[in-house]
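Both complexes shown next keep chain A, but they swap its partner, so chain B is in the first and chain C is in the second.
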Partner chain A sequence: MPIRKVMKANEAAAWAAKLAKPKVVAAFPITPSTLVPEKISEFVANGEMDAEFIKVESEHSAISACVGASAAGVRVFTATASQGLALMHEILFIAAGMRLPIVVAIGNRSLSAPINIWNDWQDSISERDTGWLQFYAENNQEALDLILAAFKVAEDERVLLPAMVGFDAFILTHTVEPVEIPDQEVVDSFLGEYVPKHAYLDPARPITQGALGFPAHYMEARYTVWEANEAAKKVIDEVFEEFEKTFGRRYHKIEEYKTDDADIVLVTMGSLAGTVKEFVDKKREEGVKIGAAKITVYRPFPVEEIRALAKKTKVLAILEKDISFSIGGAVFADTSRALINEKEKPVVLDFILGLGGRDVTFENLEEIVSIAKKAIDGGVEEEVYWIGLRKEIL
Partner chain B sequence: MAESPFKVEIERVKKEYSEKMTPGAVVYLPGSSVVNKTGSWRVFMPEFNRDKCVRCYLCYIYCPEPAIYLDEENYPVFDYDYCKGCGICANECPTKAIVMVREAK
Partner chain C sequence: MAVRKPPITTREYWVPGHAACAGCGCAVALKLATKAFSEAMEEKYGDPNAFAIAQATGCMEVVSAVFPYTAWKAPWIHVAFENAAAAASGVEAAWKKLGRKGKILAIGGDGGTADIGMQALSGMLERWHNVVYLMYDNEAYMNTGIQRSSSTPYGAWTTTSPPGKYSIGEDKPKKWVALIAAAHQVPYVATASIGNPFDFVRKMKKAAKVDGPAFVQVQCTCPTGWKSPLEKGVEIARLAIETGIWPLFEIENGDFHNIKIQAPGGGAKVKREGGKIVAIEFKKPIEEYLKLQGRFKHLFKKPEAIDVMREQIKAMWKVLGVEVTLPKPGE
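Now for the complex of A and B:
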């Protein structure tokens, strides 16, 4: 029987790792993710987890050790956040290009400067072009579940890509919630053993990994990463279905909430989706036709699901905790790209909020709804709305 | 002129080699770099004077490619299909039996 324990998302991530039985964990501590490797090292020290725990001197080394271990043909896990993920940047491309299904837990945190340890999504959003799959958890249960699902998707022979699973700094990493821990045997049969056919270290079958790619071959290698991302869309649907059959919890690339007759849909990710859904309930009681959509899978970007959602509504309001300067939010840019050639499309509005741990309140959401209402009649005043900005100190 | 000791291996690799892209651009055929003839990279070419050679093997040992092998009498033979013209052999040769001559005009 699965047991229920009260725990932080960081602990849920460590539990997911324990259940997934990686052979190697190489990690370097960083706020707010430190508890993940801390807990894993405890599991290893207690003999509860049979993994090689490699203590390294930086995140660059951590992910490099992960690449080496994964290239040798074993399941690999690590955790990081913010500057740590940024330091991993160059190796992230290598992991994806070499098609190594490493899974990394990210305690989504802002980037310096100014230095700030609180939540936004700038760290993992900034890695959107590395080829990695990206999942975002709304709560601690999802942090555990999505890590298990991420392993299964990443290791699928049609995919073979690394994956990161993000959960919001402090809001989730350091907040306790009840989390159901599935049975080991059930997880074992869900994930199976990782026996790669494409990348391994075996003296009897010598291969070359990470070789130089001349102009005659590089582009084709990059194209296969594109194809794998495309293939992942279907595989994720299959894995989420199997996940539901196995564990009883249902996930979707985009989870819609009260969208069927909605004039306005608030699109967001991570823990903010919880706040937004509660707000939608409140507005529905007031008679406002409003819905919410949570992007659980950000890479591969769920283009088809965005198009289907767009058909239902007049305004898509993108609420995001990241910024691509001079453009707006990355999710907004991606959503716009998904809709650009559609004949009929809703107004798409871009709201930047919650950067560096700024609370997102119902007052903020009310402001967004009033802007969205005006936009239905064609009144879009700003290309990018900064919500909750303290204009009085600017 | 002696034959390359790798001839059979090179022929086998050439036959089995495929450009087909694999996940992760992994190369499953050991030794497949022989299909990439690097001789065209050369600007300077090693020129060998047999009369000065004392058969010390230093060129053979130091060649990083390796593009030097030994004939039946243990004199060095240069494989110009793969010699990049780095000049290490000429630099190491104690009797100046190897000199680098400009090849590319």
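Now for the complex of A and C:
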């Protein structure tokens, strides 16, 4: 029988790792993710988890050790955030290029400067071109579930890509919620053993991994990462279906909420989706035709699902906690790209909010809705709307 | 008819077809290192193939694994420049969980070890992974075209330490990573040279057989970067030993009071106390080593710079507990 425990998302991530039974974990402390390796250390110290825990001297070495272990043919896990993920940046490309299904839990946190330990998505969003799969959790249960799902997708032979699972700093990492912990035997049968056919460092059958790719081969190697990302779209649907059959909880790449007759759909990710859904309920009571959509899988980007969503509404308002300077939000840019060749498309608006732990309030959402209402009649005043900005101190 | 046993196994792990420069001393080092490793694994585990290699970006990496070819007959991985030690840590941890017997060999050049890979190396040693780290030291960033590293010796020309009106060439003494590695008090640290292959093989075998981390720093000549004759690599490396430029030593468990020094040969007079070498009177001047290399050519117009080098070498030997005298030419 699954048990329910009250825990933080960091603990849920550690529990997911325990259930997935990685053979190697290499991690380095960083706020707000530190509790993940702490908890895993406890599991290992108490014999509840049979993993080698490598207490590396940096995140760069954490992911490098993960690459080495994964290339040797075992399941591997780590956790990080913010500057730590940025320090891993170089090796993230290598993990994807070498097709190593490492899973990393991310306590989504802003990037310096100024140094700031609170939530936004700039850390993992900035890694969107590395080839990694990216999942974003709305709550602590999703943090646990999506890590298990991420392992299954990542290790699928049609995919073989590393994956990161993000959950918001403090809002989730340090906030307790009830979480259902599935039975070990059920997880065992869901995930199975990881026995790679492509990555092993076995003296009985020596292979070379990490070779130099000349111009004659490099582009094709990159194309296979593209293909694997494309293949992951279908695999994720299959895994989410199997996840529901196994654990009873249903996930979608994009989860829609009251969108069928909505004039305005607020599109967002992570824990902000919870706030937005509650806001949608309030506005519905007031008679405003509004809905919400939560992007659970950001890479591969759910292009088809975005197009289907776009057909239902007049305005897609993208609410995001990241910024690509001079352009706007990354989710906005990706959404716009998905729609650019559609004959009919809604107005797409770009709202930057909640950076570095700034609260996102109902007042902020009201402002967004009033901007969106105006936009229905063609009144888009700004390319990028910064919401909740304290103009008085600028 | 009596058949002489070859001095080292005929098994090959680093095989012909790699793209190293003609006369590359590092290619010699890797060939010997892997053979030594194989012998050690056979003697320790009964399996000559019980090892895997994690290698840093650098000359020996780019010349040995150009897709779809490989010069490696051992399981081999390259990840990036600064992380061979960290990647090796991961491989070793995985092998432990897979219940696989054997040892991991990490390989990096001087740039990948003394500079950008220093942190990962320190972490690997301190965490006590069952890894031998082999630093092939050709004393500059040769893969990118001969830039100075912290392992470049004083006075050497490189593209980023050119001699000029205000420059003698490289103006800092060489950083000895072996001493830094030994400060981690790991079971075994040694310096070696392709100029003494028997000593190098013995040390690689010893490193491979100890339980826990080990570090070997091997000097290997680079005719391209040192501007030296292709056929004189081993001779130059031997002169480095015989003139006092390159000390051969072993430090076990960080015991700096009992450093084992290997006699340099070349006619040098060695003084021992209680079995330990405490003084060496070198007979060959360092000029004999320097003059064979274009990278030191400019120093012969400024002989005072060569005297500075002599003082630095004496100071380095003093750290090893050995008083040395270094002759000037004609002395």
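Details
Here is the rule we use: the second predicted complex is superposed on the first by the 394 of 394 C-alpha atoms of A that agree within 3 Å, B and C clash if a C-alpha of one lies under 4 Å from a C-alpha of the other, contacts with A are read in each partner's own complex, and residues count from 1 in each chain.
Assume a residue touches a chain if its C-beta (ideal position, glycine included) is under 8 Å from a C-beta of that chain, and two chains touch if they have at least 3 such contacts.
Worth saying up front: this structure is predicted, and the values here are computed from it rather than measured.
Once the two complexes are overlaid through chain A, chain B and chain C clash, as defined at the top of the document.
In the superposed pair of complexes, A:Ala228 makes contact with chain B only, with no contact to chain C.
In the overlay built on the shared chain, the residue A:Thr208 is in contact with chain B and with chain C.
Of the two partner chains placed by superposition, only chain B is touched by A:Arg99; chain C is not. In the superposition on chain A, A:Ala51 makes contact with chain C only, not with chain B.
In the superposition on chain A, contact of A:Ala26 is made with chain C only, not with chain B. In the superposition on chain A, contact is made by A:His217 with both chain B and chain C. The clash between chain C and chain B in the superposition falls on 223-231, which is one of the stretches 79-87, 223-231 or 295-303. Shared contact residues of chain A with chain B and chain C: 98, 206-209, 211, 213, 217.
The part of chain A that touches chain B in the complex is made up of residues 97-100, 160, 198-199, 206-209, 211, 213, 217, 220-221, 223-224, 228.
In the complex of the two chains, the chain C residues touching chain A come out as 47, 49-52, 54, 61-62, 65-68, 70, 72-80, 82-83, 85-98, 100, 102, 119-120, 122-123, 126-127.
Looking at the complex, you find that chain B touches chain A at residues 19, 21-28, 30, 32. On the chain A side of its complex with chain C, the touching residues are 23-24, 26, 50-52, 54-58, 60-61, 64-74, 76, 90-91, 94, 98, 200-204, 206-214, 217.
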